[in-house]
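Below are two complexes that have chain A in common, paired first with chain B and then with chain C.
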Partner chain A sequence: MMMPGKYLTFINRFSKTGQTGLIIVGIVFFMAIFAPLISVHSHKLSSGPPLSSPNGEHILGTDELGVDLWAQICFGSRISLVIGMGTALLAGSCGGLIGVLAAYSGGMTDRILMRIIDIITVLPDLPVMIVLAAFFGPGLINIIIVLSLFSWVATARIVRSQVLQLKEQLYIKSAETYGAGTWYLMKRHFLPEIFPLVAVSMIRLTGKAIVAEAGLSFLGLGDPASGSWGLIIHHATSFTGIYYTNFWKWWLIAPWIALTLMVSSLAFISRDFERFADPRMDRRKNRYQKQ
Partner chain B sequence: MIFFQGKKSRVIEYLFTIWVIFTLNFFLPRTMPGDPFLFISADEEGEEVAQFSEEQRNYYMAYYGLDRPLYSQYFSYFSDLSKGYLGYSLYYNQPVTIILLHRLPWTLCLVMTAVILSTVIGIVLGGFCAVYADRWEDRLLYFMLIAISEIPAFLVGLVLLFFFAAGMGLFPLSGAMTHFSGYDGFMEKTGDILHHAALPVIALTLTRISGIFLLTRSSIITVLTKTYIKTARAKGISGQRIFIKHIFRNAMLPIVTRVFLSLGSLVGGAILVENVFAYPGLGKLMRDAVMMHDYPLIQGIFLMVTISVLSANFIADLVYKKLDPRISDAAAADGH
Partner chain C sequence: MNKVKILGSIFLIMLISFIFYVNSNKKREEPENRKPIINSPFEVDTIRLPGGDWGYPSPYAHYPRGPGGFKMCLIFDSLLERDEKGLIPWLAVNYEIQDNGKKFLFTLRDGVKWHNGKPLTMEDVKFSLLYASKHPMTWSYIFNKIETVEITDKNKVLVIVTNPGPVMLYNLGRTRIIPRHIWEKVNVPKEFTATEAVTGCGPYRLTEYSKEHGTYRFEAFKDYWGPAQRVKTLEFIPVSESILAFEKGEIDMSGLPTDILPRFLNDTRYKIVKSPGFWGYRLLFNMGETSSLKDKKVRQAISYGIDLDELVAKIARGAAIPGSAGILPPDHVMYNPFVMSYSRNLKIAKGLLSKAGYDLLNDKGLRKNKAGKVLSFQVLCSGREVRMVQILKERLFEIGININIQSVDGKTRDARVRNHEYQMAITGHGGWGADPDYLKIRFGHDFSRSNSPSVSGLPGYNNDTLNLLFHQQHMEMNKEKRRKIVFRIQEMLAEDVPDLPLFYTTGFTVFRPEKYNGWEFMFDHHSLAHSKLSYLEKKIRK
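The block that comes next holds the complex of A and B.
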């Protein structure tokens, strides 16, 4: 578990790819927070000739309306982070709560919750997201809710199995016999144990949500006003004649690289986190042996 | 998982899930704010011109059966479904079922080819790396595949499209066949279809390989440590026979489930990739339907895709049990 004041050794425990990932995610956070400061031009208004290639004035070029792409990328990182972290927080906390509830109450509640989790797990998520997005309409909040509806199950499953294991531990049992109440047990024993698990799955969720939002935006189902990276790709690919010109070399490549770097960095970080924070890794090893 | 055991309960579980999907599909448009007549009468999005008089409205309500009580609509919805009737597309002016059947083969082609290719390549590479575990060949392949796998399929597709089709002109930009081309023979037609399908299939395959690769690699490494392999070696059985009879057979089990269970996300990837390449399958159709507000069509595609993925999962359960009688239902359900 993470101890305060040991951040350096903590970072050293990451693999090379994980450290690179941390740096890239850090840069993206920096871009998102200081977007108005580091981009000279407006991310919404035209600031130069349309479709100009990268030059001193516009370091990443401009799109078909002459809007600076670097500014769009900077402000787009905000959308990606909001969607990613919003979904991760909502889905992670709901999933965590439901997992604890299912494991702790057991019986009928557990059975019903597990059934729901099973159903959502087998549903292919993208088609359902498309249908929901089509019916509920685009919008950042809607997208976060739709993404969360599908993402909480993984967290809930992991948390549930962890709490089930904990419940059988002797120290929990003895705390119970000493008269520890549900809330005391939660706060003192369960939450500290499941927090790392939830945190790890939240990183996974962040990456997944960013990808899903990019996919929906690419299809034209995202929030048309958001200016997310997926939306830039959508505009670029819907531009007539994009295939026959050189415009894609900056218009499409910039958001593409931003998305790819962000998503792979998150994946590498969560891979490392899983390695040292998830006790289930051992279990997974056992499972392969069983099979 | 403990309380639902046995073959029957598995079937019941799937039937229940399918019922939930059908019901969701029935209630979703009915819980939406607004009125279908507003949408039918409006020419453009956002333009709400209700030109229906009260009488016309009542006539159409009765025509579409929307004046009947909800439970009666619900039952006729199910009787329609049982006849294979999924509604009538507003945009294409055709029964949804017919449109779906036209588009389905293209998606099936893409998905099946990608599944087969990624599985074969993943197993071969995984086996290779398991044998050479921790040597530089293994490390290099491992890193490359992990890195590629994290990029979503449609982004891989975009790169392929722009570099190989738009940039170099090696592949067609869109579609599944060349329009208005009179083919001279079967071979030419097949070649054209393959040429069009190549990039989408590569995009889907590339992102799927690593899952199979990792699983094959780890399960072969695990099997290699087992004592029965040692025993087999000691008995003097040839290396090839050991590999096929002992290692491969045992390592295959998790791979089979993985292939079937990953179909859900593969379908999601295929929907996006089809749109990258304007490939005329269900995914492209789904996007078009959403853009045209063609709700019956959206729902039809949704039903078809979800039911197919569920069936694949169900088959995975059955196949898994066939391959390994030791595994109980609980483990099969938990196996992903």
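The block that comes next holds the complex of A and C.
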């Protein structure tokens, strides 16, 4: 267990932007976990007059059905986090495993896997995602699967190249000579080395997945009952002539700000994590600063 | 840190410019109104309207919804046409109804030419009616109800029908006349999309169509027999936001949401017209597959549970009339205002569900019967109706019914409704102002071969008394007697609720009268742009 002091030291290692990102993501986590407590009104049922501007009763106003927007933002953060983390976990772990498998087994398996990765890399992801989302139908799990299908490749590539490097290290060679099995090597040497890399790409994937889900929802391909931030934006922009009214000032801006803050924060955090995972970056940075 | 500041400032500037841009739209200069062209027989050179792909505009290949069908009608004329008051002579100069609606004698107009210059003959008329009864057109009205068609004189054609009745005049009159020399060789008309497939004798010729871009271009046919065209070219172009496109002068007419009315209301440059409520949304019940919906009490309870006024206020933003359980809308000439009405009443709704056997509640507050069957339905809808279903879900939950939203794209929804692959569905379409014989098609199992989304049939529903009344109104020639029968039908439908009209939209349309002011409605239709007469002189040219 890390002591509180250690937490502070850990947080202090982050840059200013990274710390801001941590605070914002922390707030979003807080909103997601305590959504029922911090929102007075329901996020699904109408609780006020339709399209009322922000006021004491509804701090972010209401949408055209009279549903409180603050409640929708709070509960929507759950969807964004579930989709972001779900995709990151699924794509990150699958990508990691495939990367290790390709590098470790080499030969034909490696070649086949690499060609598959090449194909998926060159496919334009959004159009294919739209087709897949329309084909599988809306639903949280489906969206996570569709997003993961395109997100694992980057992780797999990075992990593969790292494992290829490791394989050539003398200590691995000597461990092999002493009769270390695949599983032992994996557990003892490879996984601890590649874990920070996978963690970084997972954070990056989280942000990407949140944006992709918002994109699909915005296009009307998300789960219509999910209530994600992207879906709020979709409903707002589907309201005919919204820009000619004042409604966009609260109905559209609120989810947009939530989404932008969350994704930027994740990007800041992942940048700092990358630095931790690859100390060379830090050294480069220091050298650069000295010059 | 400086970089962050610079980025922040750029972002702020972009945000502020965006806000100013949106607000400044209000003051944007109007495009100069184009004046009538000098030395041209046309009043306006080009009218542009919102496009989108609605299929190839042949009578067989267009998509079965208003924007598809009415483009086809610009190319193809029919024996009769519809103006603001009713049916008017068109290709037929007059008609006689004989033998209590068994026989219809049409006298045809001389000098009508096809777009390829060939003359329209009596043989073409005979061929069209027989061909349409053999191969139903996308918008079919006659199916196989024609016994024979005889050419009795050089310009007279006698049509004998199998099901006599006054409505056959309306159905025969609206059937498109197609050239025999082109279509007689066609065996699969739906697949015939050659250039000749759009050779008609109507006022406009199709000169451009792009399925990918959703664009159409029609040009006035110079040898047209009828009233002179006032508009030389009609173009349908894709627009993303129709109000914006209208303001910028890219299109000449647009639908107007209620919230934006004030923007155009007191401006003399614009004319705003309110549409009659002939376009409506229905909640369909599949009584074939879903056993609980077979029970009238459950359907009635659902009707009592829904708040139609709320739907009008929130979804249509006030621009609609709440649905009448008697189906025909209040703007219809045969509307019965005394049918049973289902104002929201939770007590009655819950009572009805208890009577239907759903008197127990599960842990989620949903009603179930003694066998443990919970009242839970999937409602099929397209993306546009998701918000409507969300309201239904909220309201029906209050009486213990669960709704799961199943959202698909519009064309898939239409296809699934046609194939009866749903439990409950929401569909919206026009045609509510048509002859009340459509009630027979909707509820009397007479939908066999139509593609129209309004004619989907209701699986599992059958009411013998209603079927008899449908038959009687179909045959009745006396207007007053027929009205009484139709009134009775509406009362029975309101009690049975085989489907539930949610609301009929009465949206607003805005256009610039200075540019073009010839728009008019058809007596049974909601759209100004769909009437062929909107583009023609009011007086028939001799």
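The criterion applied here is as follows: the second predicted complex is superposed on the first by the 272 of 291 C-alpha atoms of A that agree within 3 Å, B and C clash if a C-alpha of one lies under 4 Å from a C-alpha of the other, contacts with A are read in each partner's own complex, and residues count from 1 in each chain.
The rule is simple: a residue touches a chain if its C-beta (ideal position, glycine included) is under 8 Å from a C-beta of that chain, and two chains touch if they have at least 3 such contacts.
These figures come from a predicted structure and were not determined experimentally.
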item	value
Touched partner set for A:L123, first chain B, second chain C, both or neither	first
Touched partner set for A:Y243, first chain B, second chain C, both or neither	both
Partner, of chain C and chain B, that touches more residues belonging to chain A	B
First, second, both or neither for A:H235, with chain B first and chain C second	second
Partner chain(s) touched by A:Y171 [first = chain B, second = chain C, both, neither]	neither
Partner chain(s) touched by A:G220 [first = chain B, second = chain C, both, neither]	both
Touched partner set for A:L259, first chain B, second chain C, both or neither	first
Touched partner set for A:M114, first chain B, second chain C, both or neither	first
Chain A residues contacted in one complex by chain B, in the other by chain C	17, 134, 220, 243-244, 248
Complex contact set, residues of chain A against chain B	17, 111, 114-115, 118-119, 122-128, 130-135, 207, 211, 214-215, 218-221, 233, 237, 242-244, 248, 252, 256, 259-260, 263-264, 267-268, 271, 285, 287-291
Contact set on chain C toward chain A in their complex	1, 4, 22, 25, 241, 243-244, 255, 257, 259-260, 263, 313-315, 317, 383-384, 386-387, 390-391, 394, 404-405, 407, 409
Chain A-facing residues of chain B, complex	1, 3, 13, 16-17, 20-21, 28-29, 32, 143, 146-147, 150-152, 154-155, 158-159, 162, 165-166, 173, 218-219, 222, 250, 253-254, 263-265, 267-269, 271-272, 275-276, 286-287, 290-291, 295, 298-299, 301-302, 305-306, 309-310, 313, 324, 327, 331, 333, 335
Chain A - residues contacting chain C, complex	16-17, 44-46, 50, 64-66, 134, 138, 220, 224-225, 235, 238, 240-241, 243-245, 247-248
